[in-house]
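Read through the structures below before going on.
Next come two complexes, and both contain chain A; in the first it sits with chain B, in the second with chain C.
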Partner chain A sequence: MSPTNSEQKTDQYRRKFLGQSAAVAGLAIAPGIVLNQVAHAKSDADKASAANRWGMLIDTTKCAKGCTDCVTACKTENGWGSVDGKASAEKLSNTEQQAQWIRKVTITDKQTGHVQSLPLMCQHCETAPCVDVCPTGASMKREDGIVQVDKHICIGCRYCMMACPYKARSFIHEKLELQKATAPRGIGTVESCNMCAHRVDKDQNPACVEACSKADHNAILFGDLKDANSEISKELKKHGGEQIRADLGLNTGVRYQGL
Partner chain B sequence: MKKPAFKQIDGNSTNYWMLLALLGSFVLAAVGSHFYMEHGGHYVTGMNNQIVWGLPHVFAVFLIVAASGALNIASISSVFGKTAYKPLAPLSTLVALALLAGGLMVLVLDLGRPDRLIVAMTYYNFKSIFAWNMILYNGFFIIVGIYMWTMLQRNINKYSKVAGMSAFIWRLMLTTGTGSIFGFLVARQAYDAAIMAPMFVVMSFSFGLAIFLLIVMASYKWTERPLGDAMFKRLKNLLGVFVAGVLYFVIAQHLTNLYATEHHGVEAFILRDGGIYTQLFWYGQIILGSLIPLAIIYHPATGNSRSAISIASIFVILGGLAQMYVIIIGGQAYPLDMFPGKEISSSFFDGVVGSYTPTLAEALLGIGGFAVSLFMVAFAVKVLRFLPESLADEAVDPHHSK
Partner chain C sequence: MMSLRQFAKHLALLVGLIALPVLSNAGELSPSVPKAKANVSETQQCVEPIDVIRKNHMVFLEHKRDETMREGVRTKKHSLVECIDCHVTPNENGEYARIGEDGHFCSSCHNYAAVNVDCFDCHSDLPQNASAHMHTLNNNNPHHKDLAANGSLTKETLDVLTEGDKK
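Let's turn to the complex of A and B:
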């Protein structure tokens, strides 16, 4: 028995409806799939891996007094502080409130008067006090040893700043604009040096390291502490490297020579 | 001893509503301060990258510590079986909960991102003493709340001893956790000491009781209910013991530090060279907060005077706030000793004593914590039966005339 006219019509409607539904569903899911692909765009080889531990070796005898090229490079790379006479991104904060990811410190021996100059920033501890005390896990250590803050879940309690033995962290005291895409910063959260993780992930040296060698000082050596054949490992094996506040037993990723 | 009769306060006098209005206006001021600080950021405060915890933390930690101390009276009655304190046990749980709520409000509203509190409530890094404290604080509300309930509802009274014991253990853990916030900070010279935990426990006894004593004296005076000398003397003598206990811990802490050469710098800073911190330590914490109250409490001429004991209690509270200021802000102001034996200088204020000038907004937020607590207490005693009708000698102590 052939279908009646009205039955055929109903079928057409049904087909049309199903087709449209599928299209709508497809449209709804597609961006998710695309985003998912973006989120997982990195191949496993590119991910931070426990096979590496990134570190720095700073030779204080090569670090030139008065030179702040590493600091300037960090500012330019990560968008904090004032660069080239431009106003700081933190316009309302006073100098004691403005962030500093890296600074040059001058140390003078009280007995001998011997003066040294060195850059000081997050020491990327293996057992980082900032990671231990963070209630939300925002202060975290990557598989490859880089310590950084996940600014999306930082609640701004500042306990990590209390815990850091190196005064490496800053709190953002105001709303910020014009940020670098690679270094998002946010009001009410804490931040610090992350060894230019975005550059390290692209097999580049951190900005401070690059600037130091550009200035021909070569005071900062960057590399993989777990790779026995890396330059930094060889140098550490040969001449050693001290930790600041070694008494705390934090096994810092940043080491110094000539202290 | 006959069962104590509890009754709500009338709470319809002009003075009562004036009190609520006054406390309410301080609460509003605190909320306003919070929006002011959060709207544009913490740049409007005196806090900076050197002094990261400011005046709000002083108030918040004080209130949290005092909260567990306010529970003492209830603990003494149900855990240690001192029935004389039983009539005040429900009020003791109420004040404890109210103080904790006030303290936590200040702590949370001073966060950089209080809107993300849900993250802290749903994710726990169990190596963080802060995360532990969140469990301890929430647990305190639940356990003390249940304890209060077992006392207020007659047919479950029999469970109050068990609940009281749990609350007692929990409150000890809570103050240990609060003290450990500082005790576990290895980086800073002023902290990193195991004595912080027990010292905070004894501080809680003292601060909590001072606040509790003031609340009892004020509410009995204002409602014209009898408060006999027996109860009054018990409470004030207990306060004396606790104040002396805090003093003992403070002396032990500083003597230990003074013996170790590595701590000479920070001790010289707090005890001699620290400017405002030194003044707050000696004049605020030691003289005003400890020695004068002890003299008032134990001197025969003043020890029996209600107004003198009120003043002593206020001094204990002010001294406690001074102590918190010295611990929290003084401890941060002293520069980190990263290179022993060397002087350090930089653009980031290394080697320099941190500068901090509290702003009005921070002070109002902190005071608002007190206001929230007292508002809660004043309101609760009107709607629920927390206050015994009489604390006259014959009501609390059957042997008083002997």
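Let's turn to the complex of A and C:
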């Protein structure tokens, strides 16, 4: 049974309150000594921890129109779509069916004519609708906030694709081969951006973030939203960041500036 | 009456006929499994004793897959990628057998036992970096120790390079 809306709201308030009081308790013990410091170096044996919540902050004013470096990097890293004119691994599916982990979106303000460009991918919601609706538990959220599909138990029903307000997920319709070792993907399962979990587990930035800074745009900031000293938290505290469809109350891990 | 010589001839034929099915089946009684790239250590061939891994590899793999996929544990022991990296080896012509072909490590047994594997619907059946292969589980006997012997890498350099793997 899913909780009613008001129950969920209460839950969120409670969580917020507990979070705040925990933060106060943590700070009050002694000035200058930070308790519960988040260890950034994760060894291979360490589990993803609830002490972190990975997130991204995308500055749309820095995102260059026409640049698709983040999309290309994601394709190369995870082995989907076509890169450099080479045929996609999905040869039989039409373009609307093919995988899409990240896409560039251009929005135009009709009144002012102001054009903005931004990358859109899985927003890694705290209360993810795709996780809610999954009948098998394949659509899941890791302890550290990364939302992904466990393809081992995905039955390909595609409820999550319908539930996602961001159209972030796609379905594999055909048999694939020679996938990347770090990004297994195959027929009959749903997939989406997993914030490059395999890279994050090795203390690396996701591929799109790396590509964006390599292109000298630095429009995507990746980091730990629970660590007050992380660059992303500081930037969010200073200038704020919007959620797309904030009205849904999903508390997304991906935030935008300049929208 | 049969001469002794004739009797010997018939006996040989009879023995031959009895032995024929046994001999011709000898190759098929146990599948020929391609050799792995390297032993895990000087004393151990695989990450588990051979009889254990033969019987229970699927249990190890399933346990490991949940740990990695759902909890982000990225250790190499029992990881399917590591199995493939070590066990899927090229033939004498440098060609890799694909899953389903008898020459592929997994298929060599699975074809014989007629047990279907669906791992490779999503996972690659070939090693990713066949040339740059380094078996990090192999602490005592890093397989590029030969390189050190050739003078390409000194032991000191090797120690530095493999330090992270020796934890």
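The definition used in the following text is that the second predicted complex is superposed on the first by the 214 of 259 C-alpha atoms of A that agree within 3 Å, B and C clash if a C-alpha of one lies under 4 Å from a C-alpha of the other, contacts with A are read in each partner's own complex, and residues count from 1 in each chain.
Here is the rule we use: a contact is a pair of C-beta atoms (placed from the backbone, for glycine too) under 8 Å apart; a residue touches a chain by one contact, two chains touch by 3 or more.
Nothing here was measured: the structure is a model prediction, and the numbers come from that model.
Of the two partner chains, chain C is the only one that A:Asp201 touches; chain B does not reach it. Once chain A of one complex is fitted onto chain A of the other, the partner contacts of A:Asp150 are limited to chain C, with no touch recorded for chain B.
After overlaying the two complexes on the shared chain, residue contacts for A:Arg53 are found with neither chain B nor chain C.
In the superposed model, A:His124 lies in contact with neither chain B nor chain C. Between chain B and chain C, it is B that contacts the larger number of residues in chain A. By the document's definition of touching, both partners, chain B and chain C, reach A:Lys175.
In the superposed model, A:Lys75 lies in contact with neither chain B nor chain C. Contacts of A:Arg142 after superposition on the shared chain: chain C is touched, whereas chain B is not.
Of the two partner chains placed by the overlay, chain B and chain C both lie in contact with A:Ile187. In the superposition on chain A, the residues of chain A contacting both chain B and chain C are 175, 187-189.
Those residues of chain A whose C-beta lies close enough to touch chain B in the complex are 90, 92-94, 96-100, 103-111, 120, 129, 131-138, 153-159, 161-167, 169-175, 187-190, 244-245, 248, 259. Contact residues on chain A toward chain C in their complex (touch as defined above): 42-48, 140, 142-144, 150-152, 175-181, 184-189, 197-198, 200-202.
Residues 65-67, 69-76, 81, 84, 120-126, 128, 167 of chain C are the ones that touch chain A when the two sit in their complex.
Residue ranges of chain B in contact with chain A, taken from their complex: 38, 40-43, 45, 47-50, 52-53, 111-114, 116-117, 119-120, 123-125, 127-131, 134, 181, 184-188, 332, 336, 338-339, 341-350, 355.
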